[in-house]
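In the two complexes that follow, chain A is the common piece, with chain B as its partner first and chain C second.
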Partner chain A sequence: MKYAYYPGCSLERNAAAYDHSVREVSDLLGIKLQEIDDWNCCGATEYFSQNELAACAVIARNLALVEPQTDQIVAPCAACYLNLAKTDKLMVDHPEFGKEVNQCLAAGGLKYEPGRVTVRHMLDVIVDDIGETAVRDKVVRPLAGLRVAPYYGCQVVRPIDNNDNPEYPMKMDHLLNWLGAEVVDYPVKAHCCGGHLTQISEPQAFELIRRLLQNAQDYNADMIICMCPMCQLNLDGYQSRVNGFFGTEFKLPIMYFTQMLGIAFGIDPQKLGFGKELVTAMPVLEAKLGGLLV
Partner chain B sequence: MAAHIAEKKGTFLEEVIEATPGGERLVHCLQCGSCGGSCPSGADMQYTPRTLIAMINANDRDAVLAANTMWACVSCYFCTSRCPQDIPITDIIYTLKRLSIAEKRYRDTDAPALAKTFTDFVDRYGRSFEFGLATGYHLLKRPISMMKMGPMGLQMFTRGRMALRPTKIRQIEQLQAIINKAKELSAK
Partner chain C sequence: MADKIGIYVCHCGSNIAGTIDVEEVARWAGKNIEGVVVSRDYKFMCSSLGQQMIEDDIKNEGLTGVVVGACSPHLHEKTFRNACKRAGLNPFLCQMTNLREHVSWVNSDKAAGTKKAKALIFAAAERVKRQKPLEPMEVEVNPATLVVGGGIAGLQATLELADAGYPVYLVEREPSIGGHMAQFDKTFPTLDCSACILTPKMSEVGQHENVTLLTYSELEEVSGSVGNFKVKIRKKARYVDEDKCTGCGICIEKCPRKVIDNAFEAGMGYRKAIYSPFPQAVPRIPVIDTENCTWFTRGKCRVCSKVCPTDAVDYDQKDETVELNVGNIIMATGWKLFDCKRIPQYGFGRLANVYTSMEFERLCNAAGPTSGKIVMRDGKTEPKSVAIVHCVGSRDVNFNPYCSAVCCMAALKFGHLVLEKTKAEVYSFYIDIRTPMKEYEEFYQRLLGEGMHFIRGKVAEVTDAARRPEEHGKLIVQAEDTLLGKQRRIPVDMVILMGGLEPQADAKELGLKCGISCSMAGWYTERHPKLDPVATMTDGVFVAGVCQGPKDIPAAVAQGAAAAARVAGMIAKGIVTIEPIVASIDEENCSGCRICNDLCPFNAIEYDEEKKVSRVITALCKGCGTCVAACPAGVITGAHFNNEQIFAEIDGILWDANPQAEVEIASV
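Moving on to the complex of A and B:
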């Protein structure tokens, strides 16, 4: 199965572990990812706050660059996924607006036919297109005994909710279950990580991060498994600052679901970007999965 | 529904509806408060989305555009997802952000500066640039917080998670032509 691949800026550096593990796991599952040549930033939430037409034009350039023989684009980042999907939907639902976006693209010699490309998130591709049997077949190192808390965040499950339940999503729960892990059912799995508020209002952001870490810990999770680089950065990168702020002692590793797939498939943890996380995952993995990782 | 909007000619409600795709649903607000009750930032807002919508209806343009509601919004879309009247509340918040920034009505928030620094990098390089964002925006707006970020930044750097230079796309002129056209069209 072939897909246009839109890594997005976070996956270049901050979330390189996500990019590496997406590529490794896709190779093994027969998912052919063709990176969009010369893609540009999706503008995150920041472009929409200033100029909607420019925001959509910047995003639509990436849709226009998808090669004609491919009609599916896959993004691992939640913000990229939503921006691409939202722009396409706006252009389909509001043809006048779609025309304006195309007027902008024309200034760069490009054109995008609204609705031509289907925007997918990496989790949906693996769960829906590859499926349970093919995933279970590849598991050589079951994650038995490891208690994982799937964390969905916001922008993959809302507002476009045709892939999963926006209040109580289950897809990552199923996937981690197929890997043999003990999946933790906890109430805040689709709550917000604070997004860019870490940059604007730390007390507000830290409280949102604290609630997630506290809830996962209350349910005895060994680690939190995420599907968005912003969530990973806020929960992992800011965890020690959150501990300092509240006097808590959280020590929860925050890993990408593709890293866990990779481990279960027997791929070398180094190739999956293990070790890039600030709250190290190795001690708990070794304690729960024994010598499997050596 | 069209009749409702016609009655609102020249009002702030009409302006917000016009500026928001799907904004015409705004006239169906029941004032039920599902949005405010669902909002993770509700406690930090001067006015919850429900109140803000009532203020839009009351034509209280100045107070709405100066409110902190938009800057506390985390774009989690719980309000949009739960609204029984299918009002795209998060998108309406984006419209209010744009109006507030365009007219410089915001108060006591660095969110517009963050947005501008972020998109300036996109306009210049075609990619976002975390290190540039961290240094540029934080040095300007919050030097003390910058010092607290130091150890985390260093850890990110040693783990290969932060680049010191931005990546530039090859066809940056093409992207800039697209952006310039968008800015030209939206200024009309």
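Moving on to the complex of A and C:
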């Protein structure tokens, strides 16, 4: 199965582990990712409220760059996924606006026909296209005994329908279950991590992060598994600051679901970006999965 | 005889005249349609003056056909046919065309509307010229009635008819009649005990000389038509001989197999593998649940058979099909509760102390699993605080857009019961409180006085993820209080989800069997939403109770009685007039291929072995036209819908089409 691949900026820097593990796991599952040549930033969440036309034009450029023989684009980053999907939908639903976007693209000699490319999140590709049997078949190192808390965040489950329940999504629960892990059914799995709120109002942002960590810990999770670089950054990067702020002692590793697929598939943890996380996952992996990782 | 057609275009106040130039249509028709001798428009054609005008024209002008351009024939075809009849014109020489529902109500462009109205009038005029006088037929009405569903609506209908002296067959799929009302504790707003007012009716039905009770049975097949339906009922095997069983209950007492009762007790209590759903069940004859019975699953036990004093247990019993002849059918098939697990953020099935409204009914019920004590799932702790969540699955575009009509009052009732039986605080989370019926608003005022807290806001989630110390170990109900404009988190011990009412899972399938349709939401469609709420588009089939739409007990009872009154009227009259729109076979040219025999959905075609031809049984034919279309020799004719009439109608619709243009298109 062939997809255009849009890594997005985060995956080049802070979420490099996500990028590495996506590529490794895709190779093993036969997902052919063709990285879009000369892709540009999606503008993240802020640009839309500044200038919608410019924001969409910047995003649509990436859609226009998808080769004509490919009609699906996959993004691992939740914000990139939503921005690409939202832009396509806006252009389909409002043809006049679509024309304006195309006028912008014409300046660069590009054109995008609304609706031509289907935007997919990496999780959906693996769960819906590859499916349970193919995933289970590849598992050589079941994650038995490891208690994982799947964390969905907000941007993949809504507002674009990805065939999951936006209020109580289950797709990652199923996937981690196929890997043999003990999946923690905890209630805040689709609550917001605060996004960029850390840059504006730390107390509020820290409280949102604390709630997630607290609830996962209350349910005895060994680690939180996420599908968005922003969520990972907030929960992992700010974990020590949150501890300092509230006097808590959280020590929860925050990993990408593709990293977990990778170790279950027997891929070398180094290649999957293990070790890049700030709250190290190694001790709990050693304790729960034994010497498998060495 | 030359055609003398009268055209009558109705304004319907401004309903039609608002978007159609009715005067222009009438004037134009008078000039341009061949054979038209009078063409008039009038404010309200259905008024007595309008009808009189048509009658006078028939007499004075000697009209041979009448076209009325007005509303839907469902509303006034009878009116105008009768007017024609009074003036001596055969009613089937009157043709209605629908300028309201088909044109003015669905269009805002007056020029386009007027043009379409002209085409429809033209079509009707061309058609009516070729219509033939027909005489309606009369058939006798079988005085027996089938009532499907033994809930309160069905029971009421059954008793009304049986008390009037007519035989009734009552079919119920569960082992006992009683329906949902038998599960309830109290009824709002009077708070009288549900069982106390229901069970007398149940036993009356059970003992009535005119009622044949068919419980644990389902409607399989319906054929025939009004006055003379033939129905097949499947009596599921009870594995207990109904004639021998005395209902002593010793088999139930001795049965060693305990099963969670997901039906009557809503999963809150237990029953045995041989069971009767509740103590006041009618009939008292138990059934064996073969999925759980040790004899059926493992070939051991037979305790019930050993202890039965009358040797009534029969493990070899088989399902049985009963055929009945009835004149009318009343559908009172009820509803099912919305599956609260479909809203996972409310936690039902995941968080122990989240209850559905039906579970809570059983919890409150003195005959229920806790003998009416309001305690949490541990079976002993009384809640200190209870949240009641309204509109679970109702008034929600993601699930059911409609209001379930009874949940606000049931929530108030629950609030009262909690306040009466415990020391708990009660919080109601509502969108709007809807208490429109008699003494309902007063009940709401009473609960306000009793100290129930009302928070106006749709609940976002019910969670056990505590944020503050006081939330630990509690269920937290989060909602935006839209009166305060603030998010609120109320920690409680128990949450009750007021699940909405939904059509039965097989409502559509069952409806199709007797020729009635469902609304978008799945409720049975009545003949007219205001003026004919218990009849359906199929003559002789009536609806009553919640299967027609969410309603409370008084409304369901009223509909049950209303449906019975309609049926009683037909039985009292004794005959029913059937439209003479039937098929007929030209026997001279019939090849006897018998293709039509098997296709007829009403079994209305018989085969004459001697003459080797097929023949339509007129009394059974519904005029559907299937055989007409299927006959390879083209020798079957549908009265009132023959080829000549239909083609004339099409020609009329296309009066302004340019045949040359069609040739050009075809040649491209």
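Following the convention adopted for this analysis, the second predicted complex is superposed on the first by the 293 of 294 C-alpha atoms of A that agree within 3 Å, B and C clash if a C-alpha of one lies under 4 Å from a C-alpha of the other, contacts with A are read in each partner's own complex, and residues count from 1 in each chain.
Definition applied: contacts are C-beta pairs under 8 Å (C-beta built on N, C-alpha and C of every residue); 3 or more make two chains touch, one makes a residue touch a chain.
Because the structure is predicted, anything quoted here is derived from the model rather than measured.
Peer 1: Please work out whether A:49 is in contact with chain B alone, chain C alone, both, or neither, and reply first, second, both or neither.
Peer 2: First partner only.
Peer 1: Contacts for A:218 in the overlay, against chain B (first) and chain C (second): which applies, first, second, both or neither?
Peer 2: The second partner, chain C, only.
Peer 1: Please indicate which partner A:113 is in contact with in the superposed arrangement: first for chain B, second for chain C, both, or neither.
Peer 2: neither
Peer 1: Between chain B (first) and chain C (second), which, if any, makes contact with A:132: first, second, both or neither?
Peer 2: Neither partner.
Peer 1: Which holds for A:286: it touches chain B only (first), chain C only (second), both, or neither?
Peer 2: Neither partner.
Peer 1: Where does A:97 make contact in the superposed view: on chain B (first), on chain C (second), on both, or on neither?
Peer 2: first
Peer 1: Given the touch rule stated above, what does A:201 touch, chain B (first), chain C (second), both, or neither?
Peer 2: first
Peer 1: Which chain, chain B or chain C, is in touch with more residues of chain A?
Peer 2: B
Peer 1: Check chain A for residues that touch chain B in one structure and chain C in the other, and list them.
Peer 2: 167
Peer 1: Per the contact definition, I'd like the list of chain A residues that touch chain B in the complex.
Peer 2: Those in contact with chain B are residues 9-10, 12-16, 38-41, 43-54, 56-58, 61, 90, 93-94, 97, 100, 103-110, 154-155, 158-159, 161, 166-167, 191-192, 194-197, 199-202, 204, 208, 237-238, 240-241, 275-278.
Peer 1: If we count contacts the way the header does, which residues on chain A are in touch with chain C in the complex?
Peer 2: Against chain C, chain A makes touches at 165, 167-168, 185-188, 211, 214-215, 218.
Peer 1: In the complex, go through chain C and note every residue touching chain A.
Peer 2: 343-345, 347, 350, 461, 463-467
Peer 1: In the complex of these two chains, what residues of chain B are touching chain A?
Peer 2: Counting only chain B, the residues touching chain A are 21-22, 40-41, 44, 71-72, 74-78, 80-81, 88, 90, 94-95, 97-98, 101, 109-112, 114-116, 118-119, 122, 126-128, 130, 133, 137-138, 145, 148, 151-152, 155-156, 159-163, 167, 169-171, 174-175, 177-183, 185-186.
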